[in-house]
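Both of the next two complexes hold chain A, though its partner changes from chain B to chain C.
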Partner chain A sequence: MDKPSTRQAILVYTLLAIILIVFMMPIYLIVSSSVKPSPIMFQKPPAFIFPVTWEHYVDLFTMRPFAKFIMNSLIVALGSTAFSVFMGSLGAYAISRIRHKRINDVAFWILSMRMFPPIAVVVPYYIIFKTVGLLDTPLALIIVYSTANIPLTVWLMKGFFDEVPTALEEAASVDGYGLVETFWRITLPLAAPGLAVSAVFCFIFSWNEFLFALMLTGSEAQTATVAVMSFWSSDAVQWGRIMAGSFIILIPGVIFVLTCQRWLVRGLTMGSVK
Partner chain B sequence: MGYIQRRNRRIFLIFLFPVIVALFATTIYPMLYAGWLSFRNYDLAKPFIPRVFVGWANYAEVLSSGPFLHALITTFKLMAITLSVQLVLGVGIALLVTQKLRGMGLVRTLLLIPMMISPVIVGLVWLFLYFPELGYLNYFLSLIGLGPVSWITSTDWALLAIAIADIWQWTPFVMMGTAAALQSLSPEPYEAARIDGNSRWDVFSRVTLPQLKPVLVSLMFLRAIDAFKIYDIIFVLTKGGPADSTEVISLYIYRQSFTFWRMGVGAAASFVSLIIISVLITLFFKSLQRGQASKG
Partner chain C sequence: MSAITLRNVVKRYGAVQVVHGVDLTIDEGEFVVLLGPSGCGKTTTLRMVAGLEDVSEGELSIGGRVVNNLAPKDRGVAMVFQNYALYPHMTVRQNMEFALRPMKLEKSVVDKRIADTAEILGLSPLMERRPAQLSGGQRQRVAMGRAMVRTPKVFLFDEPLSNLDAKLRTQVRWEIGKLHQRLGTTVLYVTHDQVEAMTLADKIVIMRDGYVEQVGTPEEVFAHPKTTFVATFIGSPAMNMIDGRIESGRMVAEGISFAIPARYHVSEGQAVTLGIRPSEIKIAASDDAGALDARVEVTEYLGNEALLDLRIGRHEMVAEVPAADRVEPGRTIRVRFNEAALHLFDAQTGKTLAL
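Then we have the complex of A and B:
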């Protein structure tokens, strides 16, 4: 493909401008509505310049314990991320190094565990957690999210471990390193970007999740996504609070996109597109 | 290579074992539990009624009843709409953002944002746009002489309203995958095609598209698997209504289990959906392995 002519360039830019306006409009609405005074929330035509108010954010933290819900989200997301990245990278290393004709089947089996519909297992989880007294605790969500995060980590890390040359590991073992030492000192540092990518994906997935959080938590372990939704179900819809909460929730994802988008393809397609 | 592998096989298995055990305990076990439930008359609202074995009764009810089949059809209808639009739009935008022009990196980055947003938030912001009487979408449409449309309150439009929200969130996914693939294509076939004097469309349909096909197939399978599980956006926008017009499989299971408290029926429906999605997953893996094999 060569460089487009000026006329083509104008066409491309015009089309992209339209696409960007359409795709960015909902995000603009979240940001602007979160600081818009309630009386002009739905004013038409929409006011692009208006007196900015922080009352929705203040309400969020004073009228409701939103800080606690964010804390719950953080505990759950960080807990599940740590657990999943630890377990997942060990498993991924084994899958990457074992030479056996069925090992690919094991890898696919692990990946398939993440693709099943959550709704199909939510009732069993509910009953099981109720029986063992874990309902409405962060631990329940950490366990549930790890079932999706471990397969993702295994699959991503396998790709990264595959790229570490085995010659390096053999050299280390000639130097008298055992396998665990080799893994810890040689392989893992070389696959460090993979650890970061896996961790971020696990974090965002857990942070954004809604269905399990809704079903398995009550007032104690409620996460931010469920809390934001609850501003809707009360008698009057508090759009300002909903948008302020939404904005806070979308921050980690946006930071991720802006900082490491080159890993996004690999993570979201689980390595099928590199 | 053999040396390391042989000596350390046991340690590798110790590395792998916890993952397998964890997944069995947290995924296979609940699924088996759902299987057990699906043969029981389990009513969570009436804990005193014995959970008797009812054989295939729950399955018979699910498979012979209109609502489940309706939910299944609705799921596939939604999948057909969203996947086809995402494919066409995603590939189209990918062709634009891979042009050798300034600022394309920034455009691409901005377009990726919707994917990283929690589906509940996506549902809520579209609810804000669709909201009866107040929402901005009808206002924007009226500016170009269209509407008003009762987006989420009419049976004709509700499914489309959900499709639009999903298309907004996931078109960037197709765009991103396609753009990555486009940039890794080798330039030789293009030069040959251009020398032969083909039109732009011919070059695209005969040279680009065949090379993109494996990637597009993967992307579509991943979208299909997700589309089959869609829940959050519908829960926020319509809760399956109006008049069941947006009740997909997930919503059907949810309502059987948590509105009518008929856990057995919900579990039977879950199992049927597990079987359907297993077929999708298997087809996806087959296509992945074919892709890997053709790469050498």
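Then we have the complex of A and C:
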């Protein structure tokens, strides 16, 4: 390709700027509203310069055990991510390596579980968890989220495992390694970008999920997303606290994605086979 | 104890049979080369020995133990793959260390073995590189090194030299031979290069289409090929073949009759194929009654020798003559076959008629 001309560059950067503004606008509104005094919150035109206040954040943590809700969210999201990536990788590896003409049907069947409308199963889940006494526990959410995350991980990881040449596993087996060790030391490290991608998707889904968290938890296992909405009641909407809570909810996701990003490298298997 | 025995070993992929009942004994410390054209089942046979392919039928034993159902890791073999199969996320050194780890050796032993192997293969300056940062030939040497460090009882090579340039190929070939002499390891070596086979092998196994055509020392397969396939496959340029018939106890082809060497058993009227190596076709005097007319089509100068592409009757043949005797293309000369060096095969079966 030729070097882009100056005009092309201007065009590209203008487009990027527009996209960036569109995507960053809600985040700007969250951040600015979370430190805006309540009386001027809905002033028109919006105030861009205003006295910064931390009262919404203080309220958030003093009026409600918000730290505990964040903790719940973390437990649920990390727990489901770890479990799903682990189970999903094993399933994906099997599907990737088994030579059988119907294996793709199995793979599709697994993915199809992800296509189920969640709301259809909320009530059955409620009844099941009530029966076994798991209502309002993080474990209930971990289980529910994993049923959505595992199929996704299976599909993502299958693609990455397909890329790892079987010759490498054969070499390891001749070198004296068993199936488990070969998988652990050769196949999985070479599919690391897949693990990162899967983990990001699982974490974000579990972290942001609202419907199941609302229905299946009470005061004990409530997650941050549900907690934020509790500032919305019929007689008053406490926008400042909602915004402050929303901003805090954004942070772990960003940190998690940035952490995983360094594993997102291409061409890991380059040079292995002719 | 590292002899390898294959008894009627068959490999099938679904309904397709690609290896048909191979019988082969490889003695302890022997260097055996599987030689044959592309797709004849060399790699498949090697992979069955390594345990990477199931044996569909028959019995495979290593060191007196039947290993049909033994996992590769428990067979005590090292293998150099045709496509290298280097661990891309490890450096050259780590690749070798990884191969040694299951042996649970002391660190000093590991380091010494790796250093020695790297030295032999000229890998010392490359030890901290990853496979992606190496050339094809360097990768091939790493693949060899990774197998060599283990000093296994049985060594399996799948065309380990195919990607090296001529000079390196000769050098590494020599190293492999030396290594074998020093370690006395049993080696099964796959190649389609007959020079490698001839120079390295104690015993050559020539395969075609999943069948073993002949097993023998390099001398045997060269001097006494059992089939026309072996006869034309071994030796460069290839052996010339002419159709003929046995008449009055002599072999007649192109209107010329040849005495039949005593080692052949023929019957009157039998259709035969006559084989003659290019070096056994001599330029004859013009008045030689037992000679054939040959038109020189092309002359190739090779330094010491020259190759003459000849047309004799309706046959194309190649003669190898001293370079000084080479002839201008287009001329017709008289040539004589060295009758003592004739090979006779049954025209139908392609099998030798030697007793």
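As a working rule, the second predicted complex is superposed on the first by the 226 of 274 C-alpha atoms of A that agree within 3 Å, B and C clash if a C-alpha of one lies under 4 Å from a C-alpha of the other, contacts with A are read in each partner's own complex, and residues count from 1 in each chain.
Criterion: contacts are C-beta pairs under 8 Å (C-beta built on N, C-alpha and C of every residue); 3 or more make two chains touch, one makes a residue touch a chain.
Worth saying up front: this structure is predicted, and the values here are computed from it rather than measured.
Trainee: Could you tell me if A:Ala171 is touching chain B, chain C, both of them or neither one (first, second, both, neither)?
Mentor: The answer is second: A:Ala171 touches chain C but not chain B.
Trainee: Would you mind checking which one, chain B or chain C, touches more residues on chain A?
Mentor: In the superposed model, B touches more residues of chain A.
Trainee: Just chain B (first), just chain C (second), both, or neither: which does A:Ile18 touch?
Mentor: Neither partner.
Trainee: After the superposition on A, what does A:Arg185 contact: first (chain B), second (chain C), both or neither?
Mentor: Second partner only, chain C.
Trainee: With the two structures laid over each other on chain A, which partner does A:Thr269 touch: chain B (first), chain C (second), both, or neither?
Mentor: After superposition on chain A, A:Thr269 lies in contact with both partners, chain B and chain C.
Trainee: Between chain B (first) and chain C (second), which does A:Arg97 come into contact with in this model arrangement: first, second, both, or neither?
Mentor: In the superposition, A:Arg97 contacts chain B only.
Trainee: Can you list the residues of chain A that meet both chain B and chain C?
Mentor: In chain A, residues 170, 173, 268-270, 272-274 are touched by chain B and also by chain C.
Trainee: Inside the complex, what are the residues of chain B that reach chain A?
Mentor: Residues 1, 3-5, 7-9, 11-13, 15-16, 18-20, 22-23, 26-27, 29-31, 33-34, 37, 93, 96-101, 107-122, 124-129, 131, 134-136, 139, 168, 171-173, 176-177, 180-181, 187, 190, 215, 218-219, 222, 225, 228-229, 231-232, 235-236, 249-250, 253-254, 257-258, 263, 266-267, 270-271, 273-274, 277-278, 281, 285, 288-289, 291 of chain B touch chain A in their complex.
Trainee: What does chain C use to touch chain A in their complex?
Mentor: 50-52, 71-73, 75, 77-79, 81-89, 98-99, 101-103, 130-134, 136, 139, 146, 150, 163
Trainee: Quick check: in the complex, which residue numbers of chain A touch chain B?
Mentor: 1-4, 8-9, 12-13, 15-16, 19-20, 23-24, 26-27, 29-30, 33, 42, 44-46, 87-88, 90-91, 93-95, 97-99, 104, 106, 108, 110-113, 115-125, 127-128, 143-144, 146-147, 150-151, 154, 166, 169-170, 173, 179-180, 204, 207-211, 215, 225, 228-229, 232, 239, 242-243, 246, 249-250, 253-254, 256-258, 261, 264-265, 268-270, 272-274
Trainee: Would you mind writing out the residues of chain A in touch with chain C in their complex?
Mentor: Residues in contact with chain C: 165, 167-168, 170-178, 185-186, 189-190, 267-274.
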